[in-house]
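Here the chain labels run A, B, C and D in written order, and each chain numbers its own residues starting at 1.
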Amino acid sequence: MLINNEFNEQKIQSPLQYIWHIFKGKNIAVIAMWAIIAMLMISIFCDYLMPFPHSQQHPDMLLLPPYWSDGANPIHLLGTDDLGRDTFSRLLKGIQLTLMGALLITFIVSILGVIVGATAALMKGFKASIMHHLLDALLTIPTLLTALILIVLFGMSYENSLIAVSLSLLPQFIRGIYICIENELQKQHIIALRLDGATNLRLLRYGIFPNIIEPFVTLVNRIFTMAILEITTLGFLGFGANSEQVELGSLITKSLELFYLSPYLVLFPGLAIFLIIIIFNIFSEGVRHSVIEGED
Amino acid sequence: MALLDVRNLSIDINTAQGKIRVIDKANLNIVDGSIHSLVGESGSGKSLIAKAVLGLHNENWIVTADRMFLGNIDLMKLSSRERRKIMGKEIAIIFQNPRSYLDPSKKIVDQMREVLPKKLSAKHFLKKMTAKSTHQQAIKELLHKVGVQNDRDVGNSYPHELSEGICQKVMIAMAIANNPRLLIADEPTTSMEAVTQAQIFRLLFKLNQLHNTTILLLSNNFGSISNLSDYISLIYCGQTVESGSYKQIINSPMHPYTQTMIKTILEFDENIAHKSQLYTLPGSIPPANQLPIGCRLGPRCPKAQRTCVTNPEAVNYKGHIIRCHFPTLDEK
Amino acid sequence: MSADKLTDYHLLMRFILTYISLIFLSGCYQSESTLTNSLIYCADKAPSSFNPQISHDIATLDATTHQLYNRLVKIDPISQRFVADIATHWKVNENKTRYTFFLREDVNFHDTSFFSPTRKLNADDVIFSFKRMLSTQHPYHSVNSDSDNYLYNHPFSNLVSDVVKIDDHTIRFLLNKPDATLLANLAAHYSVIHSQQYATQLLQAGHPEQIDFKPIGTGPYQFKANSSKNIIRYQSHKSPWQLPANIENLIFDITKNSTKRYAKLLSGECDIITNPASSQVKHISKNSEVSLSSQPTGNIALVAFNTKKSPFDSAINRHALSNSIHLDTILEAVFFDTALATNTLLAEHSWAYNPRITKISYSPAHSLQELTDNKFNFSQSLRIIAPVKSSIFNPNFYKTAELIQSNWLDIGVRSEIVLLRPSELDIALQSGNYDVYLTGSSPYIKDPDNLFRPLLSCNASALEGNSSYWCDTKMQSILDDTLLEISFIQRVKNYYQLQALLQAQRVYLPIAHLLRFDVFNDNITGIKIDPLTGINFHFTKKNEPIDMREEQ
Amino acid sequence: MFNYLLRRIYLLCITAFVLTLIAFTIEHLTVHTHFRENTFTHYLNYISAILQGDFGYSIIDKKPILATGLIAFSSTLELCLFAFIIACIVGVPLGIFAGLYRNNGLDYTIMSLALIGLALPVFWVAIIFSVLPNAFGWAMPIDGNISPIYEIPVVSGFLLIDTLLVTQQYQFDAFLNHMIHLILPSSVLAIFLMSEIIRLTRHAITMVMRSNYIKAAHTKGLTRRQIVFRHVLKNALPPIIHQLRLQLSTIISFAMVIEIVFSYQGAGIWLFDSIQQGDYLVLSTAILIISGFILFSSIIIDLLLVFISPTKRKSLYADQ
């Protein structure tokens, strides 16, 4: 009735813009986002960034400590290992292998998971119960055990360990998606859509997916964290990368013997894994909270 | 004598867009032993007032009032510890959908034992055992008082096994356990069917008559509570527009908002044309961050004038308080 | 609201206090009694069996030679001369073909849960033990050992023609031809005395193979149990004929990971550890609470060139490629300077060591020149094979191969490293499709013949040690004559000549002579370590840990 | 109640059947690849062999796999139990404090600790913890479940019980020694468990605090601590237990990794060694044992939940 111009016209933002607007407010999450982008850049261009090729040996400079402690050689920023190879470049190579592997796994698992999860949730009758029981059985087997078994079947190599980890994480993701969609289906607006004669696809596209962004983000984050942990654990146990590839987990096993001589060789890869995981967690927490705030 | 005397109570909530004065100079005067109903549309801030009186508000509310007395106790100056004692003893409150206000993981009888007056709910173990029977007896008596006959199986069952009506009765039983001087009922019957509504109102009425507990009834349905209450006050967007005795309000409504409220009561004996428009105020309730200045009914008020922009003063016509620049004074 | 917050902080403080006190309480738990009379020895490998006659790996020697068994004679560690053990004294005829030994009467066997002896040790037991190795008709000859095992019957088969029992406590050895090495062989780890009564008991029970896995002997400790494959328990001999051992129960805890072994030593879970990681030896020597004992062993790490295939069939190529390997880096990076650099196969402390040997000098430019002169085909890629697991010869074969590969790459010679599991390794060695093979050799008696014969003799196969497929008539003749040579000086001269020849041909490139390291806490005394026959816990004493003593 | 149990057991059988199917395919692919007769009959006698408890013999030490497997798995359970107790003692109070004082200093510190705890790679923390005591000079054992000095005959497989049965020989030394051996590995596992429990408790507590019956409790004049202990905890417990049940398989896989680092004789080491030595028959037995346990414990936890929270019971009756 009375449009008083004192109050500024509220621009109706699209939900994504609105979430982005809230996300910008959280500075920790933004820092985490920039850290992720930096890490992606590092792992993509790591071959050019590395001061030395990761397997090049410097026989004269063995077991140098990192630059901040005495007796260090500034060229080798984080010192060298027992064969004179530069720790910093091996770390970069390790980050590249682990991070890229984990991102690949998360991508594959989320694509497959969504497809299978959605079909499972929308299926009715006998097919659904078979899928349900198979999922239940797969979920009781610990993910590490499944990965070990698949490694034993395929043989021990880095690529096989990636496949093994992704297959072991798939059931977890499918169950997560299944539960999210199941909860959504009970909601009235889905029934309304169904009454309009929406096909399954349309139902998914408009009804379900926009509303399950928040659980989806949590799931992807959990799967990414477990992927990183499992790749590095398999590498650590010696089932993943063979002696050539310098994956973060196997890097720790290789330098375990030198722990008393130079503990840094074991500490740095561990810290790198920890950093990758915590940055991704903070970023996804930020996204999750902004999505929740966006909704209510 | 006024049991609860609240003058010029105003509550500011600082939200992201700055401070909003939700309750603007509300005043409430409840006579001891009467049923006072506070009527307002949902979202008009009546449960905020109840919370402010009980002191249940959280940190980011700023409560200022000239006078807020319960009998001779000044509620503003109480420390949280005394106020908590008051809440247990002097004032009790019952809510809208009662089942969610009962602890789902405990039996009814355990929850009621919590509420029994201190000397009965004994502390250390030995006394507790002997006191068990007296508790049983007290609870049985309370349940009978609120009209729940099969107290044994209601006591041993869980909240989710009871219907809304019985849950409300149990809430009332718990409220009157310490026979408080004031019982606040925050829309007790909205989520129930008509039959249980009538039961609950009859129960409240009986309580008022027999035990002389003053009842503050908050409701948005003018029709159902009007014939029950002795005093009525109306509230719109946080401002108390009119309050007075039942006869004064029903017979000579002065504030336009009260008039519309009375018009909304449907007497079926009137011969309303088929499919005619029911009478409502034009426009809708303004959102919290765009409240009009001065009299908040301003934009929707049929008799709005320029002077309505300033805040009208409360005028008292022999107990009939009205806050409007142009009250319809019928000289009858 | 604020009053409640205070009370809750008190609650939080109280929780934290209880946890901290809980953790401190757990610090002091070491109880006195079970500590001092049990000794934990952390070995790096499980013994393949409990009979030094059939398995010669160092783990078996540690677990059995001095602990479980006795031999006829033994070497006195100080004077290096043969001293009495079960045989009190012995007589030799003039042309050294008949040795007669007189045995003690009071030696009794172990009395364990699975066997209790009824008689003391007599000549039958000695005959039984040696006949098992000598005659093929002996019921226990082929038990637990594949008959064509070269090491199994070599020491005695062409040395001793027969062992004869004179009476209950005297026996006589009849030799085919006069040989000076009999006493050395009798003092070796593999001439131990088993109980014949136990053997017959097992034969009747139908489980002859148990003799090598539930051993019965006469040593200071007796075998108690082998519960899991990682823990072996010994008990002190119930009726010892020698000085009784002062440790009640001796426990072998097999911990494969070397870092874990050292960590267990520091945390007190092991009293003695063997074979620490070479990278940690420097750090251990600096640690004041533990003492490090290092013994020169005859073991040598070497690189074998496959002389059957080009390019290593020509001696010039072998010289050039050997000189282009920078041995000092290998010493530093792989052995962390815990092994003795060497130019010869024989160790310095051996009596047949030829000091006038040309040193290997690192000269990559010169060797590149030699290779181009010899028209070396640079396009080929040399195939370096090595065992995947570390062994007593080399703590990390892969690292050594990597260093050699990068050294050769500097002079333009390309090579690829192939790590093989033991089964694949045997196939590769037999088929011979490799150019370089990283290996080592570990002689088990002091005699130089024991080192040279497996490496150089024509009739030694690649599996038995001759991984260079080397067969040279001159060297073969020297080897065989010196074995029969009686005069000591002539044998020394022959071995000098052999070493000179070997240095000229450069069949093997010796990397380093290895030391045997053992680390033990300061409260352990009386450990004797003989590099050839293993560790001896007979006289070991364990007094209270030092910090306890300071408190009293 | 009874047919709820019946329905759960029916579900259990189907899942167990699918598990044996998975275990059989793995065994078929790895070990008995050369079987000629068709797989169905092979599967039948595989099932009959399992039902008689004959899981085959390990090629390393010729002992029946089932026996070694169960003993190994029992010490893993011990580790998980001990870690769970530590995690609860530390995690639950912290979670409650974080839940009660939302969005202020205490809450942020606790939540960041939980976030760090979740992000730490378990095997790396195990390595650090195995070297830590030596750095600080404590004589804390870091290897195996008990010092080899004590000879413990295996009775129940659970060392905590077996060590108490040999008290006449070793008094309580063996038991104490085993407890001390348990401290380090279980505190590493407890870090992960604690952060998980803190996160879940905080979430549950905030949900309960927002509910109406807590407002009603305030109006009844109960003090904050009375409200927390009487109402909040009892209602917050079921969702926490339900979430933990879903995490059970992750907890067990982390426990196995920790065992390998501390060479604590549990299912982890047993599996790791047998795979290293190529004894793949162990794999299918390991699946049956571990997943069987997880399946069984999820049923038990379900029943526990039904007893604790009456609302679950309502959903139970409504199902009929």
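Here, contacts are C-beta pairs under 8 Å (C-beta built on N, C-alpha and C of every residue); 3 or more make two chains touch, one makes a residue touch a chain.
Note that the structure is predicted; figures quoted are calculated from it, not measured.
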Minimum number of chain-to-chain contact steps, chain A to chain D: 1
Chain pair, most C-beta pairs within the contact cut-off: A-D
Middle chain, criterion being Cα centroid separation: D
Farthest-lying chain, centroid of Cα atoms versus that of chain A: B
Euclidean distance of C-alpha centroids - chain B vs chain D, Å: 52
Centre-of-Cα separation between chain C and chain A, whole angstrom: 49
Euclidean distance of C-alpha centroids - chain C vs chain D, Å: 43
Per-residue multi-chain contacts in chain C, two or more chains: 1, 257
Residues within chain A bordering two or more other chains: 256, 259
Multi-chain contact residues (two or more partners), chain D: 131, 223
Footprint of chain B on chain D - complex, ascending: 211-213, 215-223, 230-231, 234-235, 308-311, 314
Residue numbers on chain A that touch chain D, as the complex places them: 133-134, 136-145, 148-149, 152-153, 225-226, 228-229, 232-233, 236-237, 239, 249, 252, 256, 259, 263, 266, 269-270, 273-274, 277-278, 281-282, 285
Parts of chain D lying in touch with chain C, wherever the complex brings them together: 60-61, 89-90, 93, 97, 100-101, 130-131, 133-134, 138-144, 147-151, 170-171, 173, 176-177, 179-180, 183, 223-225, 263, 265
Chain C contact footprint on chain A (complex, rising order): 57, 59, 62, 82-84, 243, 256-261
Contact footprint of chain D on chain B as seen in their complex: 54, 56, 84-89, 92-93, 95, 97, 100-106, 114-115, 158, 160-161, 171, 174
